[in-house]
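Below, subunit A partners subunit B and then partners subunit C, in two separate complexes.
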Partner chain A sequence: MMFGEQSMPNQFERFHPLVTFSFYAGALSLLILMLHPVFLGTAIVVILAINYRQDHLSGVRRWLIFMMTTGLLIVIFNPLFNERGRHVLFEMGQRRFTLEAVTYGGMNALSIIGVLALFISYNEIMTPNKLLFLFSKFMPQFAILLMLTLRFIPLMKRRLAEISVIQMSKGISVTHGKWKGRVKAAMQYIQILLTYSLEEAIQTADSMKARGYGSGIRTSYEYFRFKKMDGLALFYLVMLFLLILNGRFSGYGFLNVYPIMESCQLTKMDTFTLTLFLFFLSFPLLTEIGGVFRCRLSK
Partner chain B sequence: MRTIKTAGLFLLMICVMLFSFMLPNHYLWLSFALIIISIVLLLVRFEKRKIDPRELVLLAVLASIAAVGRIPFASLPSVQPTTFVIMMSGYVFGAESGFIIGAVAALASNMILGQGPWTPWQMVAWGLVGFTAGWLKKTKLMNSQLGRLLFGVIWGFLFGWIMNIWGLFAFTQGDSPINVRSILTYFAGSAVFDTMHAASNVFFLLVFGKTWVKILTRFKRKYGLLES
Partner chain C sequence: MPFIEINNVSFTYPDAAIPAIKNLSLQIEKGQFVVLFGSSGSGKSTLLRLLKKEIQPHGELSGEILVEGRPLKVKNEIGFVFQDPENQVVADDVLHEIVFGLENLGITPNEMRSRVAEMVHFFGAEPLLHRKTHELSGGKKQQINLASVLLMQPNILILDEPTAQLDPVSSRELLDILIRLNDEFGMTVILAEHRLEEVLPLADKIFMMEKGEISIEGDPRDVLKEIWNSPNHPFVPTIPSLFFSMNGQGIIPLTVKEGRKWVQSGIQLKKEHKKFVSIGVECLKAKDIYFRYEKKSDFILNELDFSLHKGEFYALLGGNGSGKSTFLKVLGGMLKPEKGKIDSKKKRQTIGYLPQNPKLFFIHDTVGKEIQDTIEKWGGEPAPILENLGISHLMNCHPYDLSGGELQKAAIACLLMRKPEILLLDEPTKGLDPISKRNLANILFQLNAEGVTILMSTHDIEFAALHASKCGMMFQGRITSEGQPENFFQGNFFYTTMIQRLFRGLDTVRETVESCEL
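Here is the complex of A and B:
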């Protein structure tokens, strides 16, 4: 899956996992903090562009219905339960629907859609391998536990298939018959899987011990080296993040809705913060351009 | 080296906390900060304990069974044994192991199904299922069949409610007022799923509870694992 249909790994994917992870953590925080329609709108465009570069939006297409319904629900939910605001759009029975509440709901919707779209990209780029590498640097014991679990999941799936073939031959099935019987049969499968796997686990553990687990510093399968490029990238991201936060704390990049709604018009400082914000979010795209540029030069 | 890392983590946590207090009314941000800090604290504690490979593999097996357990139930909507498996593991192997199994099961299954902003919440919710099952192990509640069933019912709902918290914050982040009516409506929306969850917990505990405790206890005694 990892090497299947993808074209060449792009520049962004080649960064050290710490850089990649920092980008996603920072972008997630910014999407939650910068509640301003212009900021969020442009952010979504940039994130979609990142997704387009990665897989031509096939991931986004898979999640589209979920994203849209979540967004729609948020837009509806807010004015339904929140009557605060001065600009009444219309009244229905005894409910007031205010412009403020609709704006607020719309911004939340944009923010959450942005977060979901960001996670689609994250799932593509931050492979389990990279996450495990990061964990193994900070929490080696937890990392090996996670790695073992990930390795056991496909094994357990295979064993379950085996168990179900045997149970089927005895006439026990989880897809036919009464509901109660099916639930019971399915749980019986899991119980068989448990007793089967527990004994085998001891063997795995003993062979781990025999091979010297815990006797020294563990090395990892794929080693990522922190290069000069990574240092520069991390510096770029951290500096931008701090500058944007500074702007946010001074009140830029945030639309006050209550008590009095501001206009969406950007002030000079807002525009400046927006520029920084876009430079942060489009980091994966910028590295791409940088990569192409270097390619040309070397030719 | 280890102390430096721990100190660094604590420093990071203090920064996140300060930061959260500087931004009043950003509930979504605050809730993420708190939940991630609490997971990290428990993982740091787990890291400190020297664990035998046998125990490590046992934890991984239980976590992966909890995660994979959903497959045979695919044809039965909103019935899944994950909560039951974590509950039984926590009950037999103790609170800390219970939390780890729950958290790892959530994280690992999401590595396959796709991570989302819900991942840390699932880790905590399932982690707490295992934690409380181990924590209440010696009380009267967990030592009577009726008490265990009650425990299953409570977690069926509590699990849904924990997941609702993040949903509610996502829906009304910032300073939009969260009032009783909106909370009730939101929670009523998930009531059907929560009831199904509670009912399936009761069913599993009733039919398989005793057998699972027996299997796991026998295994624990046979190899002398995770006995605190």
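Here is the complex of A and C:
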């Protein structure tokens, strides 16, 4: 394993990036497809559990306000703009507020909250290195661009800080003085930042050329090896995903709101699909449990 | 047949009146360690770039360049390391950085893995592999750049002033690696370098360039005398300089070891007057300063006390990351200390700060506009200052088109317009060739004589010993020792001048040559 995290990586993090990426891609599409309150509710619980395992919810806490307001806004705005539905809850002036619209908005809100929570976990697990590795297989040019950007954004930030310190010593500042002067100073900062960065980038380009960039077909260093475990995991994820999709397109795991709203009650097939769905989503947790078992056994 | 052969090569940049390289011929044998030197603008970089097809500059090229009797082709038999450690870096991660070249060549992953394993081991860089590149020191970055180039298995290694931006310890480390590559693997090394002190004993052949031509070439010992007698004599390192100025006889000493042997053979040194410095009133005082960039990080400045007296020329020494730059910024009022107080009797206006990278000092696209802007802000009369610094002709140039020395002078001119009483200079000697360094010393001396107090941070021990009136050592965020150069350097083992090393423990002739004019 070439890229260990600082802390002891958990089982899920140790998988090949392809497996990790497939999980997140699959989970994302399922969260968007399975619009059913029960599915989404349980999904959120599972994703929060995954987040808890990763960083004790510190990421979620940081985004909590954003997640809640987004969710709330969707719940509020959907009935405002959407008057369709048979079950009128109440009327306000010319507007009808229907149960259908509220339910539909609520499910969308749950879906968005789930997706956001999933992304928080994704950010933690899919480090730029893993992403770079995946892309360099399929889109080598894009991978280079990504790599340069990864270096350039923090670099520009550091340079801007340096510029502002030096210019302050000359009496040019964006934090003091008249508003007009400040704006002018800020423009000048950006101007030097860009000129300077372009100038320096010429040298970077030379160094790239001197190391044979663009001279032929690129290969990429294999930072991660695809092991047998990765194959099994991928098989598990793909099979479940296909089964769930099959269920979804046969009409299970989905609450019809229009034209006629269904009941939230789960049929047998719904329950079966839900089980598969949960097995898919809790993959990171299951691998953890598997890891613990193996540890015990080996002792 | 020579390994590298350059025959009558001339090169002119587009729109340039005179050629950058003029009818130049040279030969390099396989496995040689070759050093190329000369003042900035003498065409060193251009010549080195011409040797590598991929980065040949645009312009008019005539003559022939042969490697093993064949003209150059685009193949990676030549490795190239540039001056600036930061700008060569492509990736944000060390491992990505070192395999960059291999990936470009289309090497198979298995081969890559084995080459990387070997090289990382050679450099002892295992602990660095997973670090972010920007967290590394300049010296380490330069080593990573070298490793990345070496992984491509070049026959010839070209380095364009690779140590110019490094501190003495890091440059020594890099040079040690080069020596090993040359000694143990027979790699042909071509090195452009200003500081000959360390590289002369290693070189098989040295070339001095002047105005696009090679003016002197040969074995270091054979040609040093010739250089000493030329206008380029500041290039001659301390020990041979002493030897020549004493009219020494026999083999020219290049290392401290050889120098001590020569000194012990019995030489008479004349006594020199020590510089006498009148110390004025305290004009800048820092008391109990604490500073760190982020909460929870370590303190960069830690319980630091410092005072600067009027008329002093203070040189602040210390390793990379000891906090010198940060301290200057705190003194200049650009960074606020977390605790402690800066006591300045003067207003902010009277403190001028020259950053380590003068490029970032300029906000306008010509030097003239920058000066104009300074006049609008602070008043002042530019003509005499520009005249004095000899940069009146540069008014219409873009700052980035100037050489390192010129850029520095232009920035100093802007500072002087404000009639500063204190100048804070952050490593002003970095990357300067010996001649520009001497010019800088003259400017600083003159200012100092006019009553400007100077505080500079530097890695250049010889410069500090020769010019400063007081030296201080920074270590772990505080100043651990200070004193007049004569006493300051005597006690140190590493942070000391060549002359001190030469006379360590030889009582008879000690203390005599500190201020020997070289």
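One rule holds for everything that comes next: the second predicted complex is superposed on the first by the 277 of 299 C-alpha atoms of A that agree within 3 Å, B and C clash if a C-alpha of one lies under 4 Å from a C-alpha of the other, contacts with A are read in each partner's own complex, and residues count from 1 in each chain.
The criterion applied here is as follows: contacts are C-beta pairs under 8 Å (C-beta built on N, C-alpha and C of every residue); 3 or more make two chains touch, one makes a residue touch a chain.
What you see is a predicted model, and the numbers here were worked out from it, not measured in a lab.
Colleague: Between subunit B and subunit C, point out the one touching more subunit A residues.
Modeller: B
Colleague: When the two structures are overlaid on chain A, which partner does A:I32 contact: first (subunit B), second (subunit C), both, or neither?
Modeller: first
Colleague: Contact-wise, after the overlay, does A:I217 reach subunit B, subunit C, both or neither (first, second, both, neither)?
Modeller: In the superposition, A:I217 touches subunit C alone.
Colleague: Scan A:N129 for contacts with subunit B and subunit C and give back first, second, both or neither.
Modeller: second
Colleague: Using the touch definition from the top, say if A:S111 reaches subunit B (first), subunit C (second), both or neither.
Modeller: It touches subunit B, and subunit C stays clear.
Colleague: Quick check on the superposed pair: does A:H87 touch subunit B, subunit C, both, or neither? Answer first, second, both or neither.
Modeller: A:H87 contacts neither subunit B nor subunit C.
Colleague: Could you say whether A:M168 touches subunit B, subunit C, both of them, or neither, answering first, second, both or neither?
Modeller: A:M168: touches subunit C, not subunit B.
Colleague: Counting only touches as set out at the top, which of subunit B and subunit C does A:L145 meet: first, second, both, neither?
Modeller: It touches subunit B, and subunit C stays clear.
Colleague: Quick one: classify A:D206 as touching subunit B (first), subunit C (second), both or neither.
Modeller: Both subunit B and subunit C are touched by A:D206.
Colleague: With the two structures laid over each other on chain A, which partner does A:K157 touch: subunit B (first), subunit C (second), both, or neither?
Modeller: Touch partner of A:K157: subunit B, not subunit C.
Colleague: Let me check the overlay on chain A: which residues of subunit A are in contact with subunit B and also with subunit C?
Modeller: Correct list for subunit A: 128, 148, 150-151, 155, 191, 195, 201, 204, 206, 208-209, 213-214.
Colleague: Could you list, by residue number, the parts of subunit B that touch subunit A in their complex?
Modeller: For this pair, the touching residues of subunit B are 5, 9, 22-23, 26, 28-29, 32, 43-44, 46-47, 49, 51-54, 56-61, 63-65, 67-69, 71-73, 75-76, 79, 81, 85, 100, 104-105, 107-109, 111-112, 114-117, 170-177, 179, 181-182, 185, 200, 203-204, 207-208, 211-212, 215, 219, 223.
Colleague: Mind pulling up the subunit A residues that touch subunit B in the complex?
Modeller: Of all residues in subunit A, those touching subunit B are 28-29, 32-33, 35, 73-74, 77-78, 81-82, 84, 101, 104, 108, 111-112, 115-116, 119-120, 122-123, 128, 131, 138-142, 144-146, 148-153, 155-157, 160, 164, 174-175, 179, 182-184, 186-187, 189-191, 193-195, 197-198, 201-202, 204-206, 208-209, 213-214, 249, 258.
Colleague: Where on subunit C does subunit A make contact in their complex?
Modeller: Contacts found on subunit C: 52, 54-55, 74, 76, 79-80, 82, 84, 86-93, 95-96, 99-109, 112-113, 116, 129-130, 133-134, 145, 148-149, 152, 329, 332-335, 349, 353, 355, 357, 359-363, 365, 374, 377-378, 400, 414.
Colleague: What residues on subunit A touch subunit C, complex-wise?
Modeller: 2-4, 128-129, 132, 136, 147-148, 150-151, 154-155, 158-159, 162-163, 165-172, 188, 191-192, 195-196, 199-201, 203-204, 206-223
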